[in-house]
């Protein structure tokens, strides 16, 4: 599983990174690297069953009451 | 950043259909009948009318800033820092939206079609193909849509036509049983799907004559209301409001009851095929928009390198988003309306107001 | 170069994944145990019994390996397997312990509910609504006694009970309830489910079928081996109905009442009504023969079967006919089509009135008496008689539902709900208690349109005898 | 539809492509032959033939030619006196040049030329043109002044005449070599329609087209490619109709080819197509002159290659591969029906085995019960999973076909009988494969033959295996994934700036008249909007024939 994830991410990196490196587009490379490593971290966390807070939960905390209020208001 | 390539107004409006319909026809009818019972179709129409407001906002903004994407004119309107922050909010919102879509897609397939298959497999595979499409740019996505749209329409027609023997017109009565409030509540549920018209503010910048964006918005919204209304209506007519609430994937069940004579039964696999194609477009479009937005905010020359990592991150996020399908349904009922209203309705409205007050416009991009 | 990489990546992802992950959800077609009919029963100790009819493809498909069957003997097309569990999921699991293949439900043709289970409630059906292989379009039937007996039906024209039952249902002699209809009737507050009843009947050919019975014993449940061989019912009829109150079986409707139920629910699309010829009331024996069912001797495409007491015993059939040969019943049968039933609800104070309006067209298909259709008055009189007969039936069913069952099996509550939601909200919680007080008016307007390929009854005018043979034969 | 943005977009697309390597131009003068296509980076040890000018001394010239054509036994040189006064030499290649013409007409005329002319030539009072003007019995005459072009003319079958005392020679077109006669097309035969097909001779082929398009707007540009083959390639188009951007692009791509030889149109096809990594053919080829003419009339560009009976047509869109030229010669109802049938066949050829495998292993609920039971009973005792069974049979089928194609015809028939027996009977009765699978594979085979274009059919054959594996592992979802990937891929393709799925994928309703149905001639009044947009109107409006209302004789005036 972990090997699979790493392999997948290597393929993703291989798609673009070498070309960016050659063209010396560091900015692109940096942004891509950040997204890439975030993805890798999250995926590995998934593989290791780490408790990562769900963004849906955070949204629910803020917007659950809003929705409730709206529902009461109109529905 | 800009992309070379333009799409026609018709392609823009059809893309809009695909940005909303695929997941909506599957998940919406059940949730909607929960709230609005047999008047759900009315809720769809009301929600369409409501979605007309952000559509108008998008149109006005597009007139002010032709050829600029949402992410670009955020910065033009609000200035450098605030603009970037707001644009980033949009990027994140689209990103989360895509994660939800991916999760909905894979949950459905796991539930209804191939229960032994882990949902991550569906998520990974569809995103892989979507990444391939998104990397090739908007034109390619639009052309794929051109190809799939007739199939989708034909399939809607086939299903609804063949389901007519099962329909009973009495099921939509009584009209407005509990007054208008449940219907309004229903349109609130519809909003998370309907509000995605905002996506036209991003790729709308590439519509060829920018003025015809209005046409795209109108036909797009009308088409969505038409098809979504038809499917909702079909579900209510076939199953009745009581039963529809208990069917998780009511649209799919509609395809399952269809039978024409003895030979054309069980065509839900075809439904599945068309639906997968639809969701594929939706995911590809969202990925494209997210990558484009992120590239704009961070000032990159190219969005392409971002697509694949974003797709991977999206899959991982989709896996983290919810623990089970009930959470998705719960989220769609109790959280998404507020959240989507905020970023799909209020935020663009604020943008327009600020632009109006500061008198900003760009012509001749 | 970039292109090459792109293609490579897609290929890797699309083609590489299967190699790594194996094939989920995949079952070869010959590894499936194709279930064609399901019977649900209650079992002692609060348990339930699941009985399935599993097709043996070799026997049915006639593949290259078949060969041996040969002669006219219809082969047993499948195997009946049953298991007990505290619910059907558990029973299914136990069933899987008995069957060497993987259970495959999606081709299930029919679900039969046993009486006991029906009295315990419909909640047990949840598996058949929730599982992804189950289809909401599966017809559902109810039977008196144990449902699994129905699955022991020997092969006839069709090879398995599922096809036999759906075939009969497709003839539209009775109404058909699919799972989704059941769900709708069950969930709607103003409706109660009613399911068509399947009845096992012995046939005279029973003795000659002993070989079949033997084979079945070897395979089938086996626990009742002793009693089975002789009293084995050999044919089914779908007639009558089981009526539910909320989700429990409340009572049974006989054939006529079930027919009335169909009329009132608007389920009738086609069928036959047989009435005594008006104006020939002198033939009192005709009524007598019909077993006291004064207005309508037969119904629903198979008039003979309705006459339970009189005409069924094949052996003794000749005797009554000989007696009544002199004055054969002068009857007329009308086949009707384009039937529509419209029900309206009216609320006056606390009194609810339902007005059922049945309209349609009919063609004369059989007359066993002196009848001249060119005589308009006679025709109108016949039409009147037909209408009366249908109304009678509807009222019969109504009486049963209102007085005996106290359950609105007609969906009148939903009609009230639709037309008068405000009043409905007052009564919806105790509608079944309220329903008996409701008044129902039935108005039948069936019009006779065509009289067939002959006009006058053939034979000498006035001679009434000799044409009885078409009546009263069991199918 | 062609709005203001379309043209710059197309231009930009072309500009994005990397410029052809510059070395071609630099190396030009060093090349042996000096042709644009001739260059290679290594420097020749001697100057190119172009640098050798002809001298006034005939003997010197002939010596040089002797060296150049050393050990070329088919080169014939003949010295004689023009008008018995001036020495001239003829040089030509036996077999390429028309010997009879040279002997009967040319040599005789020149030998009997007026002495006065010959003398004036010898005294250099008259120019070389006098020969052409006064005695030359040929029309196609070119003046050559260097060895390079001289050799080239000779190699092309011309006869070169060198006169003593002139540093120029005359190249006389005497090309006439043995070639196949114009025959019926083999791969694209029709019931109704012209029976001519291209042959290996380029000039014949251009003639075949020119005979159909008698207009000066029909342009035929020649490009010579191949360092050794020196293959002439003709770029043909109708100037008023073809998009100049496309013509320019085709020319650019052709001229940037540097190759040793061009033996078939496929060489050119693979070197100029837009996406060389795609499995799909992006350039249509045909051996029918009428098809090329029709394509030119739509505004496309044809490429004719010497030495092959196949012409290329660009830009090509996907639908061309389900169009056959006979569609336009039969009644349109039938044509439309056949085209729909071909479309169905295309889908069957790609998907049927995959769908069968997906349905029988993943979605058994899709089958009607009787069929399910039948298939299940057939599959009882088959030792392989359906996927393996399908792969095996498909592979066998492909092998049979391959064997049948290569074998001589009589043997091929025997082979197909054996194959049919082996697969159809033995394998089934041995329960190695199920009869249903044999039917499926047979259907697939028939369907793949029903595709008019062989190149598309072989693409589908390849993709079929991928789809089969996808279907066997993920069922319909896998098929859908594969189809979506193919769809995206097809949409990324462009053929010379025209989207590959053209009238369908950038949806254009008016172009649908020639896609799934073929509308009648009188309704086909505009060219494909992506290709022939420069002159969209194809024919007059209201061409639909309207016969007179009545054919009965009208009442004669005054009689009734």
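All chains are identified by letter, namely A, B, C and D, in their written order; residue positions are counted from 1 within each chain.
Assume contacts are C-beta pairs under 8 Å (C-beta built on N, C-alpha and C of every residue); 3 or more make two chains touch, one makes a residue touch a chain.
Just so you know, these numbers come straight off a predicted model, no measurement behind them.
Colleague: Any idea which chain sits dead centre by C-alpha averages?
Modeller: B
Colleague: What is the chain whose Cα centre is as far as it gets from that of chain A?
Modeller: Comparing chain centres, C lies farthest from chain A.
Colleague: Cα centroid separation between chain A and chain B, in whole Å?
Modeller: Averaging C-alpha atoms per chain gives centres 21 Å apart.
Colleague: Report, in whole Å, the distance between the mean C-alpha point of chain A and the mean C-alpha point of chain C.
Modeller: Inter-chain centre distance comes to 56 Å.
Colleague: Rounded to a whole Å, what is the gap between the Cα centroids of chain C and chain D?
Modeller: The computed centroid separation for chain C versus chain D comes out at 68 Å.
Colleague: Return the distance between the CA-based centres of chain B and chain D, expressed in whole Å.
Modeller: A distance of 46 Å separates the two centres.
Colleague: Which chain D residues reach two or more other chains?
Modeller: 362, 365, 474-475, 481, 485 - these are the residues of chain D that touch more than one other chain.
Colleague: Tell me, which residues of chain A touch at least two other chains?
Modeller: 8, 15, 19
Colleague: What parts of chain C, by residue number, touch at least two of the other chains?
Modeller: Residue numbers touching two or more other chains: 6, 9-10, 13-14, 25, 106, 135.
Colleague: So in the complex, which bits of chain C are touching chain D?
Modeller: 3-4, 7, 10, 14-15, 18, 23, 25-30, 32, 34, 36, 55, 57-58, 60-66, 104, 106-107, 109, 133, 135, 163
Colleague: What residues of chain A sit close enough to touch chain B in their complex?
Modeller: Result: residues 8-9, 12-13, 15-17, 19-20, 25, 27-29, 31-32, 35-36, 38-40, 42-43, 45-46, 52, 54-56, 59-60, 62-71, 74-75 of chain A touch chain B.
Colleague: Given the complex with chain B, which residues does chain D contribute to the contact?
Modeller: Against chain B, chain D makes touches at 1, 3, 5, 9, 12, 362-363, 365-366, 368, 474-477, 479-481, 483-485, 487-489, 491-492, 499, 501, 504-507.
Colleague: Please output the residues of chain B touching chain D within their complex, sorted ascending.
Modeller: By the definition above, chain B touches chain D via 4-6, 8, 10-11, 109, 113-114, 117, 122, 125-126, 129, 132-133, 136, 140, 142-144, 146-148, 208-209, 262-263, 265-267, 269, 272-273, 276-277, 280.
Colleague: Which bits of chain B are touching chain C when the two form their complex?
Modeller: Checking each residue of chain B against chain C gives 111-118, 121, 124-125, 128-129, 132, 135, 170, 173-174, 177, 238-240, 242-243, 246, 253, 256-257, 259, 265-266, 308.
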